[in-house]
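Chain naming follows the written order as A, B, C and D, and within any one chain the residues start at number 1.
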Amino acid sequence: MDLSLTPAEEAFRLEARRWLEANVPSTPLPSGDDAEGFALHRVWEKKLFDARWAVVSWPEAYGGRGASLVEWLLFEEEYYRAGAPQRIAQNGIFLLAPTLFEFGTQAQRDRILPRMAAALDVWAQGWSEPGAGSDLAGLTSRAVRDDARGGWRLSGQKTWCTRGAHCDWMFGLFRTDPAADRHRGMTYFLVPLRAPGVTVRAVGRLDGDDGFADVFLDDVFVPDDDVLGGVHKGWEVAMATTSSERGLTLRSPGRFLATAARLVDLGKRFGVDERLRDDVVRAHIDAEAYRLYTQQTVTRVMDGGSIGAESSLNKVFWSELDVRMHATALEILGERAELVDDAPAAVDLGAWMKGHQFALAGPIYAGTNEIQKNVIAERVLGLPRR
Amino acid sequence: MRFAFSPDQLAMQTALRALLEKECPAPVVRAAWTSDTGHSPALWRSLTDFGLVGLTADAAHGGVGLDELDLVLLLEECGRAAVPAPVLEATAVAAPLLRDAANDALNARWQPALASGEAVVTVGLAGSDFVVAANVADLVLLERSGELHAVPAGALTRTAQRSVDGSRRLFTVQWEPSAETLVADGEVASRAIAAARDRGALAAAAQLLGLARQMIAMTVGHVTVRKQFGAAIGSFQAVKHHLANALVKVEFARPLVYRAAYSMARGDADRSLHVSMAKAQASDAAEVAARAALQCHGAIGYSYEHDLHLWMKRAWALGAAWGSAAQHRARVGEALFGG
Amino acid sequence: MDLSLTPAEEAFRLEARRWLEANVPSTPLPSGDDAEGFALHRVWEKKLFDARWAVVSWPEAYGGRGASLVEWLLFEEEYYRAGAPQRIAQNGIFLLAPTLFEFGTQAQRDRILPRMAAALDVWAQGWSEPGAGSDLAGLTSRAVRDDARGGWRLSGQKTWCTRGAHCDWMFGLFRTDPAADRHRGMTYFLVPLRAPGVTVRAVGRLDGDDGFADVFLDDVFVPDDDVLGGVHKGWEVAMATTSSERGLTLRSPGRFLATAARLVDLGKRFGVDERLRDDVVRAHIDAEAYRLYTQQTVTRVMDGGSIGAESSLNKVFWSELDVRMHATALEILGERAELVDDAPAAVDLGAWMKGHQFALAGPIYAGTNEIQKNVIAERVLGLPRR
Amino acid sequence: MRFAFSPDQLAMQTALRALLEKECPAPVVRAAWTSDTGHSPALWRSLTDFGLVGLTADAAHGGVGLDELDLVLLLEECGRAAVPAPVLEATAVAAPLLRDAANDALNARWQPALASGEAVVTVGLAGSDFVVAANVADLVLLERSGELHAVPAGALTRTAQRSVDGSRRLFTVQWEPSAETLVADGEVASRAIAAARDRGALAAAAQLLGLARQMIAMTVGHVTVRKQFGAAIGSFQAVKHHLANALVKVEFARPLVYRAAYSMARGDADRSLHVSMAKAQASDAAEVAARAALQCHGAIGYSYEHDLHLWMKRAWALGAAWGSAAQHRARVGEALFGG
């Protein structure tokens, strides 16, 4: 065991810190969840890309630095510590890209990854459907073969597509063999959102921002080149990367370490009694625990190990931690907690109430915590399914 | 010993519920979020005609002259419907505060106007920086340095403070106390203001009960219909237990709220303590109910288009307003442990 | 609404308080869960009976005072406030007696109730079996008709019979029609534990006391007179009284009010920071909530109403409260919490650790809280069964 | 950065687990509850022969000379098996404390005896009123007024203090400090004692991890076999979620415990803080695991005949010993907030 950083890792961290100090906007960007803010975030993403900080763990050929997982963790810590903007490109970078690296063709990678890294194309995920949320295998959107044009015609509705109203492309599963049973006969498609037949409707989120979209597909043509990982293989392709995403890259410790540090700071500014101080300390310890847990995981992966159902432990832990931290912050703020947006008396521009609302989504998205706890019980502990 | 409401009290509750189902369905609540004032004169008129707005106003001055115990179930209904109107401020707090602290002339001037819906009266007491509904108020009762003042709206400089609950219009206010605005000082003021603060906390607690119960009801409706894995999600034990836990919290907050109303109405020596117990428990119950409701709704409840958030945000706001759960427990702690 | 007491109620409360002050042993009796302690508790029960405090709500003819439910609540408050001994007769008084009042014959009541009230016969419950705990309908103990002698022959095993090793009689369900489906064909029997064919084996409880027993029945004869409520009607008879017991008489508020008051006292003696003080205050408020909730229920019952599935709310609330209160006490005690029995440095003779262990049984007995929460969801809120 | 144990460390853990499965099954634990001393010389011999007892003893004086990072997984195994032996006191605390504070002569006298199993050495530091295993100890290291003393068992007056964990024999002790018993004072003593207290807390945390994991394992075994309503109770979602919640708590306490061991071994400047984080989290995790285990066992786990309570009561005791979760969080709070 060696928890210290190598000189190279230290140097990497310092370089990231210096660049962020020099480049993070001094006033926060507006929310990236409406059109105007989204455009500003695209500029920021491009700036990250130009300095090769957009995708540090990717090969240099695609705009990365070939950074190790340890370095990636360090970058994330620095990024959130610096209060840098939200990553509107994250669903592509953290959810689609690993799948492309594992299942994509060379041509797909060459075509898609550089534009994704530079935020020239921003990707939305298209998993959920009105009838398929926690039960993803219940999806009914379908793709029909079009031999004449060498591709597929997609129809159906995807929902809760994060920032879908502003994205360029969407990745998602569609049923290509309606006769196959629930978990089979699905294919993983890459869908241009500007294509004919696509209608995108912005859907407001809890906090009022248009953070979601419904995507309606009516006979949308997608060429064979935009099938990822083989026809009818969609479920396996999607699942193969879910664990590592949920277990490692979806929410890096840096985010929660930064929140915990801000919470300690808030406690100092507003004063906390022994009860609230205990809650703040819990948050600090939990964020540390999450960092260390992730370091264990990173070491295992770097040793060639894999991440399985344990990823569900991860997701339950950070999502519940995030809710607790924000609840503690609101308690510290007292009656001022309810102030938002441009309220002159709002503390930190209402960021805690905004963050609270976002945190409440954590136990729901990426597989509800109820489902994750089933997975922990059944696949980590070995309890019987019903 | 008899812990139950009178037939009259229950009948009023039933009648108000029927009225609100008609006059204040979710679209009315939602409309108030985006309207200029957050206030619906039509709804206020209905509530006035029902007798709710003037319920606690002095009978000698055109009010109904009823007490906290008569009001508590009606406030619970206002919570259940997430009524976007300053009933708490005007009816639960301002009218009794005027009665307790103001002279006859002032009461004669404002109680009838308040009871008839002509004038909206709201309050800003020490302990809170904000005045609810100052934008639609005609008169604001304000505390400063232990004195109570009645300040006409025109004499206030208001700064809007946006709340997460779009129908709660909050303001910080600047004003000049004067001999003309002075309502009471000394012992009279401090006693009346203390009672007013208790009434505010009690009213918030009652509304939180209704909000919580309605969030549970909305969720029951959703999980009974929503299917995943081939079954209504309400058939899954995790969903059942979320809702059962929330219901336990609410149903064991309820009698504390009713008892506090009884103690306020009777002037029980422990009334402040009873109010604190009620507010602490109701704030917590509503918080648990909101969490359970959102989690059981899933992404659907997370969308702005769904009505759940209208109730949830009101619950967050009222949970902290008039003293948070922890602040009220601290007051109980002082009574139990001393200082 | 009138939460004050009538002069008669006040007088009743005062009479109870005075008698308890004069008669409650100044040093606690030893645990009633072993043979010696049980005998001492029988003496105490007799003393209660002689002063007509054993069964205040029963008719005078059976040793009661015909007290109202309000008076019963007051008696219970005074009883626990006085630190009076545990009630070894409680399973008979609170579980069997209400059933006898509703379903028993006059002859059964006359024969059984006075001896029960005087603790001449102490009753054990015989519900659970090794294969039937939460799933009571899964019980397999059986009774076979013996027409010659005019009765039944009982065989099988009952388990977790509280203080069964020291009791005289047991009440329980036995299968009389093996062909009927799970919830039918059972009969409610009254079984003499000294009868031939009965073997009782004491089973140690978590705290080391012999608080449980296994009762083995091998062809035990029970005459028809000891069938309660009709042959094959056992399930209905048992269930008809379960709700009111769970909802009202199983655990009266007095017990938790007394615990909360002792907890406040403990906090004052040992000092508590703001965090622990908040926990103590929660306990106090919750105990008050439970008292008031019970007053609502009592008013409803006195108005002719009934207690249905709401009784499950009650059971969940007091059992979780009891666990929280004891956990708080252990935190206040710090390292001394682990001391028990005769440890000279133990606080209050180790009562809090003892009470903690007892409290942990609360979410398990009388139907686990998991089952109660299912009942709340399905029968109070109307959620679908699976 | 590399967060993993070495193959040697893992091999030792595996070997100890195998040894304990053989030498310390549940009946051995249970027997210690009712034996006169609570101590099993045979088990102590096995642990000594394995090298565990002398693991941290000075290599120059017959010990193995390893550090906290080498020890932590072995302590976890002792927790997993609920080992009824003072490994924490002798190995984790006393041997390094002697090394840090005592002169060569004292070390030469006691380290070899400790390492060879000839002598049992235990400790009584300020902050606790109790000495574990004083009845079988040959030497007790005791703190008074900032001084460290080494007191032979014969010079102690012991009063037994019965613990809920029958194999934890606690004593209050009376003794007279003297020049002969004095080991160290001043800066040397205070630094050595502070480290000893951290080592005690770390060792308790490690054992709590093992206890918690084993309670979960016992429960998994039970709920997989136990049937109600026609199904294994482990197939019910409520049972699954109890155990999943417990596992999350344990698995996120684990890296904090390992990091604390690393920091202690390296003499990291933040080592005390890291120990407090570890102990706070491990105490809480074991508490949650114990609750989940008992609830999922139902009445069966509540019986004395079942083994669960042997583990559960150890978890309760160690949860509070060497500083409770809240006390350790308070220490972290001082570092974060100051004073």
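The criterion applied here is as follows: a contact is a pair of C-beta atoms (placed from the backbone, for glycine too) under 8 Å apart; a residue touches a chain by one contact, two chains touch by 3 or more.
Here the structure is a predicted model, which is why all the values come from computation and not from measurement.
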Name the chain pair with more contacting C-beta pairs, choosing from C-D and B-C. B-C
Chain separated most widely from subunit B, comparing mean CA positions: D
State, to the nearest whole Å, the distance from the C-alpha centre of subunit B to the C-alpha centre of subunit C. 40
Between subunit A and subunit C, what's the gap in Å when you average each chain's C-alpha atoms? 53
Where subunit B touches two or more other chains at once, by residue number: 236-239, 241, 326
Give me the residues of subunit A that touch two or more other chains. 274-275, 278, 370, 373
Complex contacts: residues of subunit B adjacent to subunit C: 1-6, 69, 216, 220, 223-224, 231-232, 234-235, 237, 239-241, 243-245, 247-248, 251-256, 258-259, 262, 277, 280-281, 326, 329-330, 332-333, 336-337
Applying the document's contact rule, which stretches of subunit C touch subunit A when the two form their complex? 273-275, 278
In their complex, what parts of subunit B are in touch with subunit A? 128-130, 159-165, 168, 170, 172, 227-229, 233, 236, 238-239, 291, 294-295, 298-299, 302-305, 309, 313, 316-317, 320-321, 324, 326-327
In the complex, go through subunit A and note every residue touching subunit D. 1-6, 9, 70, 264, 267-268, 272, 274, 277-278, 280-282, 284-286, 288-290, 292-293, 295-296, 298-300, 303, 310, 313, 316-317, 370, 372-374, 376-378, 380-386
With touch defined as at the start, can you tell me which subunit A residues reach subunit B in the complex? 128, 131-135, 138, 159-160, 203-206, 208, 212, 275-276, 330-331, 334-346, 353, 360-361, 363-365, 368-370, 373
